[in-house]
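Both of the next two complexes hold chain A, though its partner changes from chain B to chain C.
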Partner chain A sequence: MKAWLPSLLRLLLVVLLVAFVTNPGWFEPLLKPLTENGAPAIYNQGSLLTLTLLHLRTVLIATVAATLVAVALAILVTRPAGAEFLPLSRSLVNIGQTFPPVAVLALAVPAVGFGEKPTLIALFLYGLLPIFENALTGLTTLPANVIEAARGAGMTGWQRLTKVELPLSAPIILGGIRLSVVISLATATIGSTVAAKTLGEVIIAGLLSNNLAFVLQGGLIVAALAVLIYDGLSAIERYTARRMGRETE
Partner chain B sequence: MIEIEGITKRYEETTVVDDVSMVIEPRTLCVIVGTSGSGKTTLLRMINRLVEPTAGVIRLDGNDNRSLPGYELRRSIGYAIQGHGLFPHRTVAQNIATVPVLLGWDKARIKARVDELMTLYQLDPDAYGPRYPHELSGGQQQRVGVARALAAEPNVLLMDEPFGALDPIIRNKAQEDLLAIQKRFGTTIILVTHDMEEAVHMGDKIAVMDAGKLVQYAKPAEILAKPASAFVETLVGASEKPFRLLSLGRVRDAVEKGTAEGEAIPGDASQRDALAELLWSGRPALPVKGEDGKPLGRVTVDGLVKRAARPA
Partner chain C sequence: MRIRFDKLGVVIAAIAAYAAFLAPFATFRANRIVPGEARSILEALPTTAGPILLAILVAGALIALLKTPLVLRLGASVVALAALAILIGVAGSFLTPVGNTFARVSPASGFWLLIFAFTLLLADVLTRLNPSPWARVGVLVVAAVAIGLLLISGQWNSLSILKEYANRADSFWAEGSKHITLALGSLAVAAVVGLPLGILCHRVEKLRAGVLNVLNIIQTIPSIALFGLLIAPLGWVATHVPGAAELGIRGIGTAPAFVALFLYSLLPVVANTVVGLAGVPRAANDAARGMGMTDRQRLFGVEFPLAFPVILTGIRIVLVQNIGLATIAALIGGGGFGVFVFQGVGQTAMDLVLLGAVPTVALAFVAAIILDAVIEMTATKRRVETA
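For the complex of A and B:
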């Protein structure tokens, strides 16, 4: 395969995605055959662009929060002082993962009401585990003599963490974030069942009115976002890893 | 001056360093030799407190090394770690600048120092400075490791097998450079090695370790002439002893009156090199010249052979 082919495909996907969410009308003829009884082919209960941006915002907020908490937790339990909390924090994060997202939503709604909040809580809990696990792997598999060299040069614990340990585990942590983002992008659609403004609205509207075109466009936008973001984060990961002379994949 | 007093390190039941006491005079180079696992690295790392001793005291210029926080102590002591331990995410220049940056030197001073060290270790600053460690050969990485240890001009330098990965020619050069740096800055150096040749050549004193104990601590000539135990004798290499003894002496100290034919050998070459040259060329004597090129006399096979014999 030619080297430029994947980049071309990516570019094409970006162009298509942007065109679709900004001017969905252009694509009406394509989707029309999927509808019955003259139902609309393009989602008409709100702007696709707004929903896409809100969907992304929800995922972004949840991922940033999950990253901060998961990395902080991983740092804490890999310091000598926090080592005894390692098993506890692992099981806590694991419990967050075994809860089905729907159950989290159902439990969160009475507590925080309908809307974006229960969705954020579910995505946050769901995003924690992959990031935490990866951060833990990254911070516990650092080359011992590099860490010793950092100590030997007279770095304090904080300097070692920020100048050596975190930069060296960055590619692995990024891998966790990538996983978490993709899970969240998909999970966020469920948020629409509790009235969060996400692309799930389009899919649900399609399911309720038996409109395949709605289901498809909602699903495709989420899928395209997931592919592009996954790709972009993988590229950053490879770049940071290659700079350190680590082979990837 | 480094005073090591009754230093012991135990991990659980095993004693890794066992009641070691020694004094390293200022501005000298002390070499620690011993078999693998004899506790050399551990002893070295107790000096900059990367390892805390179970018992004993280490004083640097009279001050207990526990009187400063560990990280401050370590900034003042150069440390070339076994297997270089370069930071893979930082360029060569950034690696060398590590301690000066921690000490808060200004940019211009750091750059000047980094360039100076890279030039000394024959790495073009413009070509190699921006590279990452994995883009260097093993030998180049090792030299960067040594340059990093030297960067902040420390008074005390700890080196753990710094020249292991170098080929003989570059190793020789690196050894000479280190000796020159030591002379120029009056650095006190403790160097761990497996290479007895390196130990005899570089050390003002040699410390021999065996299973955590310091079995002999003396000048190279004495270690060669009067090994304290069968272990030291084996380590020195019985068949190598006469040649190692000769390698300690300079030709100018073995000069006899008279003249000889052929190319003259410089007075500051080692007696071992002179003997090698004599044996190889099959001649009984070589002329010797001083630094100014003037003849000093000659060295003879007979004269050198007598010097290679066990001292009385």
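For the complex of A and C:
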């Protein structure tokens, strides 16, 4: 495969995605054969662009919150003062992953009501786990001689953390964020079962009215977003890994 | 003697104190969908039981708060959890007026927080004791038997979730078996297809990137969309392929859900097979080759056994993920515990949501613990053998 081909495909995907969410009408002839009895081929109960942006906003808020909390927790349990919590936090992460997203979503509804909030809670909880796990791996697998050198150079604990440990773990933490974003992008669609404004609305409308065109466009927009964001974050990850001289898998 | 505090114990005691004295223990509702009225521990339990529970909780929290021996902490968490489990049932029958079948009593935030706090204590003790895989499965069995006994004894029958169950006992088990069939069946097919595919990807490098990329992209399609998209092709198969409809293949229902779960399962199985086989030490392979083993002998006698723990990890990921995803099958008429979750969300009847969610979480939890134990057993066995 030629080196420029993936970049070209990515560019093409971006162009298609932007064209589709801004001007879905152009694509109507393509989707028309999927509908029956003259049903509309393009989602008509709201703008696809708005839903896409709301979808991204939900994922972004949840991921930022999850990143802050997960990294802070990972830092806490890798300090001497919090070392007691390390084994427990590992088993909690393991247990947390067994909760299905739908269950988290449905159980959050009585506490916070319908809409965006339960979705944010579910995405936040789901996003925590991969980031926490990766941050923990990153912070606990630092080369011992580097830490020793930093200590020998007279750096304080805070300086070591911000100038040595966090930058060196950044690629691995980013890997966790990437996983978490891709999971969240897909999980956010389920949020529409509890009335959150995401692209899931399009898919569910399609399922309810037996309109395959809706299901396809909702699903494809989410998948395209996920592929592009995954690629983008992978690139950032490789870049930081090169700068930090650390290999990621 | 200086009193020393346990750091985690401070957190546990704080949660327990808030939950026991400030948060509601149970919720009483005149019928299943009206908003509930909160009841504290003393209001929700008969005159003697309330103070006894509070005493147990305070003692448990104190044991957690101070640096105490692990056995004492284990005992405290088990006693507190058992007392909570039994007394929430007592609260149910105490709060329900005699002969009233519409009233609903459900555990409230205080109860769930207390369960959380003492489960945290139990989890901490168990992590520190670092039990062997068999011991972990043993703890699981004991917990399952205890919960089973409580369910059979009728202790919890006055709680709203079991009233919902009583109304739907038949469909509960039918949906449950559908849920398990979906999760396990799709995993079985994924293993049958994914293992050879993974071996192929390991042997043929050209194939590897392509196959893994395609499987990666499938993972990015949101589950509800993939379920929906499979309706059309399977509907076509049902009407055009003779015999397919008789096999139960239809456009909506279990078939598209099964295929979607199968597609999601492939990536972890294939990827972990590839990673596992790639991690086989070169020396082991060279030695096998030097002994004159054929490719097939090497695969089954050396590579596969050494890669097994990694492959099992993939299977564990798939199983836990499938048990969760199978709830979404209900959206396209595929059945499973999701039926209750979505019905409950639709009727804003949270007890119904719980009736679907609790067994799903329990199944995923049990699957994770058992498979983790199996993985650890195979991995340590391997290490002993190769040492």
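Simple rule for what comes next: the second predicted complex is superposed on the first by the 245 of 249 C-alpha atoms of A that agree within 3 Å, B and C clash if a C-alpha of one lies under 4 Å from a C-alpha of the other, contacts with A are read in each partner's own complex, and residues count from 1 in each chain.
By our rule, a contact is a pair of C-beta atoms (placed from the backbone, for glycine too) under 8 Å apart; a residue touches a chain by one contact, two chains touch by 3 or more.
In this text the structure is predicted, and so the values were computed from the model without any measurement.
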| item | value |
| --- | --- |
| Partner chain in contact with A:V227 - chain B first, chain C second, else both or neither | second |
| Partner chain(s) touched by A:M155 [first = chain B, second = chain C, both, neither] | first |
| Touching partner for A:I95 - first (chain B), second (chain C), both, neither | second |
| Which superposed partner A:A186 touches (first chain B, second chain C, both, neither) | second |
| Partner chain in contact with A:A70 - chain B first, chain C second, else both or neither | neither |
| Which superposed partner A:L120 touches (first chain B, second chain C, both, neither) | neither |
| Touching residues (chain side chain A, partner chain B) in the complex | 143, 145-146, 148-156, 159, 164, 167-168, 240, 243-246 |
| Partner chain A, residues of chain C touching it in the complex | 6-8, 109, 120, 123-124, 126-128, 216-217, 219-229, 231-232, 320, 323-325, 327-328, 331-332, 338, 341-342, 344-345, 348, 350, 353-354, 356-357, 360-361, 364-365, 367-368, 372 |
| Contact footprint of chain A on chain B as seen in their complex | 48, 50, 71-76, 79, 81-89, 98-99, 102, 132-135, 148 |
| Residues of chain A that touch chain C when the two form their complex | 34, 82, 84-85, 87-88, 90-92, 94-95, 97-103, 106-107, 109-111, 182, 185-187, 189-190, 193-194, 199-200, 203-204, 206-207, 212, 215-216, 218-220, 222-223, 226-227, 230 |
